[in-house]
Structure formats: structure tokens, C-alpha cells
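Below, chain A partners chain B and then partners chain C, in two separate complexes.
And now, the complex of A and B:
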């Protein structure tokens, strides 16, 4: 296999990120110009690796929850018996999106206390819409001859869903999940304002002590994670689409 | 046997199929012809209940087709959909295996059946089995669509314009394949087309539809000789009528005693082909040979022309 430039670039960035998380002090010379008055250059109020893993965990749990609920909802309202709930569920999910995440945090704290919980709630609500909309698009724009054939060969409603509709809608659903994950990776940083352990801590610590180096470190890790995950999920979608002939070989 | 009794389908105030009754004999091919929008597909889809009729009954071998749940009924009836409808995310082999899998056949039996069908349609199982539908030509996709419909050895096969997208050469090849398969398995076939030529060639009986009404249900010879309405006559095409009539019978039926010079024609060729050959080569008579290649007599221009004239009603 020939390694192409984009692949090399991806591997390089991933390697750089891992090294930075394991041995942040090696990078001290790079960040030093950003600090003044002998302030610490590398974040020192906890392990960057631990914060990164916790950050990812929060996003993963919230997105998993949002995926399950959004896809289930989309399936429900595209069945004959659930069609009348389509407008209602659309507006509910839209509300979830228009509500600013900060406001959700503020409202959730009195109810569930400080920490990871309010962050999870905010991210969950925020992640619903893209996944729901995409699942809905995926499930309602299937080629009619194919859904017709699925009935024609004698599949039950459940078999049609599992064997034909979901697999065919999968690339579009995945695109929704990808969007949701990327938004939530960034949004999760504000969870640190309510004491959730995320990379937001690094940024907030930097802002409070006027330490640009900290802010940059937190921001860079989040940015690189978002880009890499976005890229990985895109590749997965392309792979599946190509399998189904929905996308021509490039 | 398929008995369609007073079937009507309305969508709102629009009647799409209007009080249609007809009986399809087992092991025959019935072709439904008509212009676009005449209700052919709708009539056919009421047989396997993809469409539920507004009124009327359809019986399969004497049993109301509503006795079984729709999905079980459809597993027993082969259906080759208008525009093939292959599953794009499944390989060719998986597409063919769909109905046997739903019926719970064991894996070895399914594999054997898939190979058998691919071979039957002259597609190499090793090459084509693992391919995805988008890696096939239109003609190949169409054949896989028919193979999928035949996979569970159904007694009844519904085909909706199966040859619509094919070029003339592949099309006539596919028609011959279909006739051979029908003979071999004794399948009862209902086929929709808007091509009268195809209907005359394939059908034991032809049902002519227009605006939801069944105008005529008869043998090709009867439809050619006595079209029930002007519409049927137009569909048959008055100019081509004598030739279509000749295309119904083999040259063997028109054999007269005697001999003739030149290249012979097989007895199984249609009389139309025989006449065409006579006219083209400018000969008055052609020798006819049987399957063994033995001369059995001759056909003459005069004899064929007499046969092409309108039979007495």
C-alpha cells in the first residue's frame, strides 16, 4: 500500500497529539514565548491526558444518548402509526437546539447539582437535532423502488427497517452523528464553568491567570480532536456509501 | 389458478382499476397491456396485496389471498418490480437469497439455489455473486431482479415491465429465456408491458387495459382477429396485423408437400420469419426442415399470404 500525503499528515498529527498528552513538558520551548513573568508554561493543575480522556468520555456519553434517542424518535415518526407525531417531535428537538447551552447549564445545576451531570444534559439536548434531522432525511428519502422491493419480497415492517431502511440511511445518519460530535467537542469546554472535568478547565485556568499558553493548549487539543474525529467519521461514511454504490469510486 | 373477481381500486374519487374480472389458468403466461397509467401495475399489485383493493376478491388456487398475512403471501409469489429494485447494499448473491432466507432455508440449500439461478441466466456465480448491483449493466441487473423473484421457486411470478429498459437484442434474448424458464418450471406468469409485440410473442392470453377498464381478455389470435374495441385495434396496429398474426404460428404448421430450392428454414421458426425470408430472397417457396434437419416439405408465398388474411370470426 502506498502512503499518500493526507494519510501521512493524519498519522503525524495523531502522533504529535499523543506525545503532547503524554509528555507535555517536551513542548515547553514552543509555548514559552506566550507566557510572562515566569508563569508556568505547561498546564500544571492536573494531567492533560486525564482531562482529555474525561472530555472525550463526556462527549461520548452525551452523543451516544443523543444518538439513541434521536434515531429511535426518527424511526418512530416514520412508521405509519407514528406519523402524526412528526411535527411535534420536530418542534421539540428544535427547541433543544435554540436553547443556548449556557442557559441549559444554568437551569440544570439547581436540579442535578454541579459536575458532569448538567454538562451531559446540555450536550445531550444540543446533539439531538442534527442526528434527528439527518435520520429523518435518511429514512424518508430512500429510493422508492428499493423500499417497494423490500415489501414485495415479503419482509415484515421490522425486517424492512433493520435489513433495508437503516443500512441505506446509515451514511446520512452517520453524518448527523459527526456533526453532533464536533459541535459537542467544542461545547463541552463550557462544562468546566459548572465544575465538570473537561478541557475547558485548561482554558478557564489560562483566562483567569492571564496565561495565553494554557488557553492555547486547551484550545489546540480540542481543535485537533474535533478535526480528527470529523475526519475519521467522514471516512467511515464514504466507505459505507461506496459499498452501496451511492458514491462512485474516486 | 388465479381468479380475479370484480376487482376495483379507487384512490379518493379516482377509479384506477374498474371492476376487473379475469381467470389466469395455471402454468400459462398472461400479459397485461395498456398505455401508461391504465392501471396495469395497480391490478398486478393487488394480486400480492402490495395494494389492497377497494372492492372485489382475488383467489389463488381457490383461496382468498387475504387468508395469509401480506408478507407471507408475498414470500410465495415472485415479484419482479418495475425498474428491478435490487438492494444496493447487498451483493448479487445476497439479493437473490433474500426470499429463501426469509423462508428459513438452510445455508447450503440457499447457496446451491443462488448458483443454479446465476447459471440459468448465464452469469458466472464466481464473478457475479460477490458483486454489488451498481457493478452490473442494466441488462444484468434486470436478470438478477428476475432471478431474485424466482429464488424460492414460486408457483406464481408477477413481472412488471421486466424488459422495458433493455436494448432490442438483449430484450429478445431475455424473452426467450423467460419462455424457457416458464416451460421448465411450469410457473404461472403475469407480465405487464405496454408493448403489444411483446404481449403477442409471450402471452398465452392477453388482457388489454385502458383507463382502469379491462377491454378484452383473450388469446393473441383472437385479439388480432377480433379486437373488441377501436382502442384495442389501434394498439394491435392495423398495418402490422397480418404479420403479427403470422408470428403466432410456426412454419411447420404451414408446410405443404413438395420441394424447393435453396437454403431451408427450421419448422420451429415463425411463419412471419418464413414469409420475410421468402420476400427477401425473392423465391416463391422455401424448404422446411425438422429438428433433425430432415426436409418435411415447403412453405410458399401464396400459402402464407392466405394464412395472413383475417380468419373468419
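And now, the complex of A and C:
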């Protein structure tokens, strides 16, 4: 494979991020001008690497849960048994998306207390919507010729779902997961306001002590993570749709 | 009569809420742990059975396949009864003369509210209301809320005690919140629509602009707000006159710029999509009758692309109302002030004082703009309810 400029750029940014997480003190001269009165330059109230891993873990758990539940619900309301719920579930997705993430997060606190739990709940609930919406779109906009053909060759309802409907809807479902991960990476930072261990801690510590260097470090790590994960998932979607396209032609 | 599946779900939620969940919480002061109270214990002796009867009737109507209008009426009646009677719980539970005691709605109340809101949403969806009807329902709901607040029947509830302790700052933060959300939207429309037109006309520009704006969207809000402190602080310190017009490293300026940047993508992208969707025949006809480029843009392309552009505006407004809460973290004000203060003091009623108006504002904006989008599209085609 020929290395093109965008690929080199991506590898470079990833390498830079890893070096920064492992040896943040090497970057001290770059951030030095942002601090005043001899304030610490590199975040010193915890390891940036640990916080990054915890941040990613929180997002991964919440998104995995949201994916399972959202896809299961979308399958349910597109079967004859759950058809009654289809119009309502569409409205609920519309209504749910008007809820601001901060409000979801803050309202989860009285129910479960401070820490990682409210963050997980908020991320789970907020992550549900894009995945559910996209799964619904994917499962309801299949070309009728394909589903008719599947019925024609005598597939059972379950076979049609697993072998035809889900594979065809997969690229759209993945797009929903990507959207959900991006939103959750951002919302997890806000989780630090309710004492969850995420990269938001770095930003908030910086905002409170008026230390721009901290703010920038936290912000840059989350920003780079978000852009790279978004980018990686987009590439995966393109790969899968390409493969699906080939399968359809053969 | 046949059972309605949603009705069964609602009956289960309502049954659990009435039988097993506390209806209201009584606390001796603002931040101590509360004593949960059941529905019948929390309400005065006349109100408890009344509310139970209304709930039972609404649940029964929901349980069977009944006409949508009846279901809508039943769910609204149950919602109204819940909202009116929760105020009497505060009167009933607070000992006379005690100003420290706090009464707030508990999980049972919220579950009942959720269950009947579901029933109402389902009935409304099935009725396929026209845009003016949806606006009418919104106005009536707003009037009802205004009536309840005006008559003071909620005054003894904890959330309104938090409000009365800071009524002035509430309205100041409210106006900051709206200014941030609407101001950044206006700026995004002024910049975004011409940028979208430019992207539509110049192929090469389109990919670059949309990619950059896409990357901006993926930067988490709190990080973007924080990152903007640096350049704006620099501008304030080095550009003469900048500090005088309110540009500062912290406060409203970085929040405004961040919201503006987030708003650009939906506006630009929808302008491009809307203009690309104008049928070529319309453009050919316009050229044929000798319109200039400007005339064609304003008389043909914009009117035809308008519904799609308006959809972009709807996305931005709802998103901005939510994101403006984060502005509080960098001193930008808005309802987020109460949310974060409340989290800091573990005073959940204060959190609600910030969160509830934000949610209501976003919700109302979504309904109004959805109706506007639908009215403006020539075919009234709706793909989702």
C-alpha cells in the first residue's frame, strides 16, 4: 500500500499523542508561555495516561451498552410484534435529542450519586438516540425487492433479520455508533463536574486555577482522540460498505 | 376490547410508581437526606384519592384500544392533575411556620409524569397533528405552566424556594442564556449562508470548508470553550479597543465564539444541500427568462432551498440551547450557572432550577421550528413524526 500524505499525517498525530501521554514533561517548553507565576506547566494531579484510559473506558462501556440496547429496540419495533411502538419510538427519539447532555448528566446525580455512575448513565442514555435512530432508518429503508427475494427463497423471519436486514443496515448503524461515540467523548469530559475520573478533570483544574496550559492539554487530548476515533470509524464504515457493495454485485 | 401494548407498559410503570415509589420527599433543610413519602401520605386527604382516581381512569383508557383523541384528553388530564396537586403536597408536608423544610417531587411523581407524557406523545403522534395544532398545544401547555406558577401553588416546592432566593440572577442568567444561543445562531446564519452559497458555486472550496467544520464539531464543547480562552485573551490584551467592547479571555466572548463555530457546520452544510437540491429545470427557466445571477439566487434558489436551510437552523438552535449551559464553566453565565452551583453544593433542586428551563426552552424551540420547517416546505412532506 502506498503511503499517502493523509495517512502519514494520521500516523504522525497518533505518535505525537502517545509520546505526549507517556512523557508529558518533554513538552514543557511548548506549554511554558501559557502559565504565569511559576504555576505547574504539565498537569500534576494525576497521570494523563491513566485519565485518558479511564476516559476511553467510560465511553467504551457506555457506548457498548447503548449499542446493544438501541439495536435490540430497533429490531423489536420493526417486527410485527412491536409495530405498535414504531410511531411513538420515532417521536421519542426526536424529543430525546432536545435534552441537553449536561441536563441528562445533572439529573442522573440525584438518582445514583456522584462519581462514574451518573456519567455512565448519561452517556448510555444520550448514546442510545443516534444509534437507535440510525438502526431504525437502516431497518425501515431496505429495498423491498431484497426483502421480497429473501421471503421468496423461503427464509424465516430470523434468517431474514440476521442474513439480510442487519448486514444491509450495518453501514447506517455504524454511522450512528460513530456519532454516539463522538458525542460521548465530549460529554464524558463534562462528567468530571460530577467527580468522574475523565480528562475533563484536567480542563476543569485549569479553568479553576486559571492555568491555560492545563486547559489546553486536556482539550487537545480529547480533541485529538475525538477526531481520530471519528476518522477511524468512518474508514471502517467505508470498508464495510465497499465489501457489501462487492457482495451485492457478485 | 383489545389491549393496547403501550397501554400495558404505561399501566405497569404507573402501578409501580403509585404502589412502590415515593411520591414526594420531605427534608428538614436544604441539603440533608430526605424522608420519602407515599402518594397518599404526601397529599392532603381530599387530594390523594382524587389523584388516584384520575390516574386509574387514564390508565384504563390507555390500557384498551380507545380513540386517540380520548387517549390524548386522558393523558392531559392526568398530567394536569399531577402538576396541580404536587403543589398541595408541599403545603401538606411542610409544618406551619417552618421555612427551612424542603419538599420536592420524588421518583414516583417523575415516573407518573413520564408515563403520561408517553401516553400523550403516542396519542399526538397517532393524530398526526398539523403544524398550527402543534403550536396551539405548545401555547396551551405554556399557558397552563404560567397559570400554575402565577397562582403560586408551587411556591412551597423546593425548586421554587431556590428560585425565590435568587429571582434576580435567574432572569439575568436566563437572558444571558438566550442571548448566547440566539446571538451565536444569528452570527452563524449571517456568515454561514453566504459561505454555503460560495461552497455551492465553488466545488473545490466545498470539501475543504465542510471538512474543517466537521473537525470543529468533533472537538468537545468544554475543550473548545477552554481553548478559545487563549486567543481571545490575547486579542483583549493586544488589540486596542477589543477589551472595551467586551472581548475577554473568560466570560461570554469565548462561549459566544465556540457556539458560533459549532453552529456553522449545520448552517453551511444545509445551505449546500438545499441549493444542490434545486431542480436544474428551475435554474434553466430562470436563466431563460433573462434573470441575472443575483435575481436567480434570491428569487429561485433561496426560496426553493429555504426548508432545508431552516432545518439547519433548527438543529443549531436546539444544540445551542443545550451547549450554552457549558458556558457557565468559563464564566459565561446562562442556566448552567445553577446546574453547576447545584452540583457543587449537592443541592439537586438548584440543579433542576437550571436544567428544567433549559430542557423546556430546547423543547419549545424544536416544536416551533419543526412546525416552521413543515409549513415552509411546499409539499408538506413528512418523513418522521
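In this section, the second predicted complex is superposed on the first by the 239 of 250 C-alpha atoms of A that agree within 3 Å, B and C clash if a C-alpha of one lies under 4 Å from a C-alpha of the other, contacts with A are read in each partner's own complex, and residues count from 1 in each chain.
Rule of thumb we're sticking to: a residue touches a chain if its C-beta (ideal position, glycine included) is under 8 Å from a C-beta of that chain, and two chains touch if they have at least 3 such contacts.
Just so it is clear, the structure is predicted and the values come from calculations on it, not from any experiment.
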| task | Could you look at A:243 and tell me whether it touches chain B, chain C, both or neither (first, second, both, neither)? | result | first
| Where does A:167 make contact in the superposed view: on chain B (first), on chain C (second), on both, or on neither? | first
| task | Would you sort A:152 into first (chain B), second (chain C), both or neither based on which partner it touches? | result | first
| message | Once chain A of both complexes is superposed, is A:99 in touch with chain B (first), chain C (second), both, or neither? | response | second
| said: I'd like to know which partner A:69 touches here: chain B for first, chain C for second, both or neither. | reply: neither
| said: So in the superposed three-chain picture, is A:90 touching just chain B, just chain C, both, or none of them (first/second/both/neither)? | reply: second
| said: Looking only at chain A, is it chain B or chain C that touches more of its residues? | reply: C
| request: Under the contact definition given at the top, report the residues of chain A touching chain B in one complex and chain C in the other. | output: none
| Contact residues on chain A for chain C in the complex? | 34, 82, 84-85, 87-88, 90-92, 94-95, 97-103, 106-107, 109-111, 114, 182, 185-187, 189-190, 193-194, 200, 203-204, 206-207, 212, 215-216, 218-220, 222-223, 226-227, 230
| task | Can you check the complex and tell me which residues of chain C touch chain A? | result | 4-6, 107, 118, 121-122, 124-126, 215, 217-224, 226-227, 229-230, 233, 318, 321-323, 325-326, 329-330, 336, 339-340, 342-343, 346, 348, 351-352, 354-355, 358-359, 362-363, 365-366, 384-385
| request: Would you pull the chain A residues touching chain B in the complex into a rising list? | output: 143, 145-146, 148-156, 159, 164, 167-168, 243-246
| task | Sort out for me which residues of chain B touch chain A in the complex. | result | 48, 50, 71-76, 79, 81-89, 98-99, 102, 132-135, 148
